[in-house]
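Pasting a structure here, questions to come.
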């Protein structure tokens, strides 16, 4: 299975009926494709919409209905729109149950860096800092390693997105949680062994007696 | 509220002015005002806008024409020209978390000196800012932000200046419409008084100074 | 002429077309009756309405359209409604051009007390403190004296409504402004002499060379 | 969102709970929830409400039944019973300027620690509060306010819990609907999804925990 699809499918399992969910761009966006149709999840687009629907059919896009990247989307029955003060009131106020974000690094204490590579990539943090500071649960969806280098690091050397630790990291190799503030291997991807995860993980990982395989 | 032509409206904005422009990635942006700012070559602008849109679209046009000297925004990653101008130090850029950005503008429009936000605590954003503890939790003090002009785009404007917005084009427009000395509005549709029901007005008429009339 | 009507008519002269105006209860409410019909003034009711209209005709009142005192009102074409955060954003943010409020005391520096008599009247300040702190112009509409006692005092001994001085005081005897922070007699009511005003005014008043009579 | 009876909803509120109640002088108040609070004799309440309404109306009913121990409000002058109970020290009353009151609730609902307001500087309201200077201007630091329960009244609620409000009954309702652990709503009309257009929804469905179903 495509690594991105493993991640998206596993993250989708974290969502519950009634949840208000904000998906970042990239892998997180894919999560919406794997939510069972009987699960009533509200997706928020931080540019001012709850109830985002799929990309509209050819010829049906409206210029004033877009996601936070400016791409055309649709709205589901029961959608609502609002200004940016309300949108971030929802985010910072803890009304978003789950946010799923991409990551550059997550460290052994769950701290996330995902908005800047000094001297190289300085696009701005957009809504990321508010999402990580405010959402009830923060899930990072990212590849376990990039160019052979672990993205689960001992300590982030890139600028942090928030001092608040994330709730969960889902990669193409593992699910990592932070019970007691300590990175802990909670699941491995299908066909991946604990030893293989440890071999490509820079951060020290606690390993429980039993590490089940991800259910996708 | 006074109805004026787009030429007249932009003529009121001096070079070097501070302007807030509504819109999110060019959606809900008053394009006609931006085109006219470019035509009248209003340079040295201080721009307060969520993003830099993309070249040729929304506030992106101001970077195409190199009219911006200072920028306060939350994300400019999708406009390579704005990025280049920032990296070449042609524009001074202040990058602000989006929730903080909109609260600072709201504070400016609502007569608040600022707000306490948890966003940015323990990050680069906290540098140089006052930190305040409330009930054992640390917050950054983020101060109010205003501009000389707010350029706002609405879906409906009635003859008095009441405004309503469509779908995701609302974004920063109603907040900015409160936070500038002079508020200039373009609307997709100018409609008689009463077409917008009182409960559906988002920006009440007294906030609007100028409405761009149809050509 | 009834003293309250003198005050209301004189205050009405202060309003300009396009003004957003907030009228307090009591004498200020009467001001709306004396605004010329060609003057397009927006009246705000701080419970969430711009465009308040007169009391509705018999049988037309709606239970969810009231003024800040809970009394039925109507709404004019072009009215708008909003929540209390917006209502006070308008007030504190300087978007209200003129507020007209009653007063218990105004002192020689223009400071107003109008919300509390310790041990006697402690109803709460409602919106008064925000209005005095935030409106562009604050006009106090009140009787010059109560029970023979001047309400224009040297220094307020009742708790202040705001440390910000008011713009103008209109009474049944005089119009008093505060140029340079000093109470100054600007007009007298019809048939009232400067000496009569001074006789019932506790605060020291600056008297310009010419003090015209109020035009009503 | 779950639809429940008014009896079930109020049974969830323990005596001594903190409750925010929408409405302004009894307009836009969830009367059915108040009637049921009285019927179930939920005493010792901490009430956060703009005013005390009048005896027999809105939150006034809670004072009639002597169920309030603490009150945060902006004005209680039109309810003699509330005044008497305050002067007899039966209820502890905190009187707050109305703009500050609503901003503190908004801050509580929007994850802000507080706001800086000019209102109250140099008055009794400033006592015991931190004062902060920004650009040479003095502000009071007013901290966030939340409650365990928000009791909200809407004009329209759809089957998902999206809410719209009518005329001056909006007042504090949408702000309180963000600032409590549990949000309970009564609506004049329960309507199918889609009846409230997305641009006219004021309180999005995910904010609502319980909607009182028709009898």
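Letters A, B, C and D mark the chains in the order given here, with residues in each chain numbered from 1 onward.
The rule we apply is simple: a contact is a pair of C-beta atoms (placed from the backbone, for glycine too) under 8 Å apart; a residue touches a chain by one contact, two chains touch by 3 or more.
Not measured: the values here are computed from a predicted model.
Undergrad: Count of steps on the shortest touching-chain route from chain B to chain D?
TA: Counted as steps through touching chains, the separation is 1.
Undergrad: Go ahead and note the Å separation of the Cα centroids belonging to chain A and chain C.
TA: So the centre of chain A lies 55 Å away from the centre of chain C.
Undergrad: Taking the mean of the CA coordinates per chain, how far is chain A from chain B in Å?
TA: About 29 Å separates the centre of chain A from that of chain B.
Undergrad: I'd like to verify one number: the distance from the centre of chain B to the centre of chain C, where each centre is the average of its C-alpha atoms, in whole angstrom.
TA: 34
Undergrad: Going by the touch rule set out above, which residues of chain D reach two or more other chains?
TA: 103, 106, 110-112, 117-118, 165-167, 170, 198-199
Undergrad: For chain A, write out the residues touching at least two other chains, lowest number first.
TA: Residues 49, 75, 81-82, 85, 88, 91-92, 133-134.
Undergrad: Return all touching chain pairs.
TA: A-B, A-D, B-C, B-D, C-D
Undergrad: Quick check on the complex: what are the chain B residues that touch chain C?
TA: It is residues 1, 106, 109-112, 158-160, 162, 178, 193-194, 198-199, 201, 204-207 of chain B that touch chain C.
Undergrad: Which of the residues in chain A end up touching chain D in this complex?
TA: These residues of chain A touch chain D: 18, 20, 42, 49-51, 75, 77-82, 85, 88-95, 97, 133-134.
Undergrad: For chain D, which residues count as touching chain B in their complex?
TA: Chain D residues touching chain B: 103, 107, 110-118, 130, 132, 134-135, 137, 139, 141, 143-144, 164-167, 170, 198-200.
Undergrad: Under the stated contact criterion, what part of chain D meets chain C in this complex?
TA: Interface residues on chain D, with respect to chain C: 24-28, 50-51, 53-54, 73-78, 83, 86-87, 95, 97-100, 102-103, 106, 117-125, 155, 165-175, 202.
Undergrad: Within the complex, which stretch of chain A touches chain B?
TA: Interface residues on chain A, with respect to chain B: 45-49, 62-66, 68-70, 75, 81-85, 87-88, 91-92, 116, 121-130, 133-134, 159-164.
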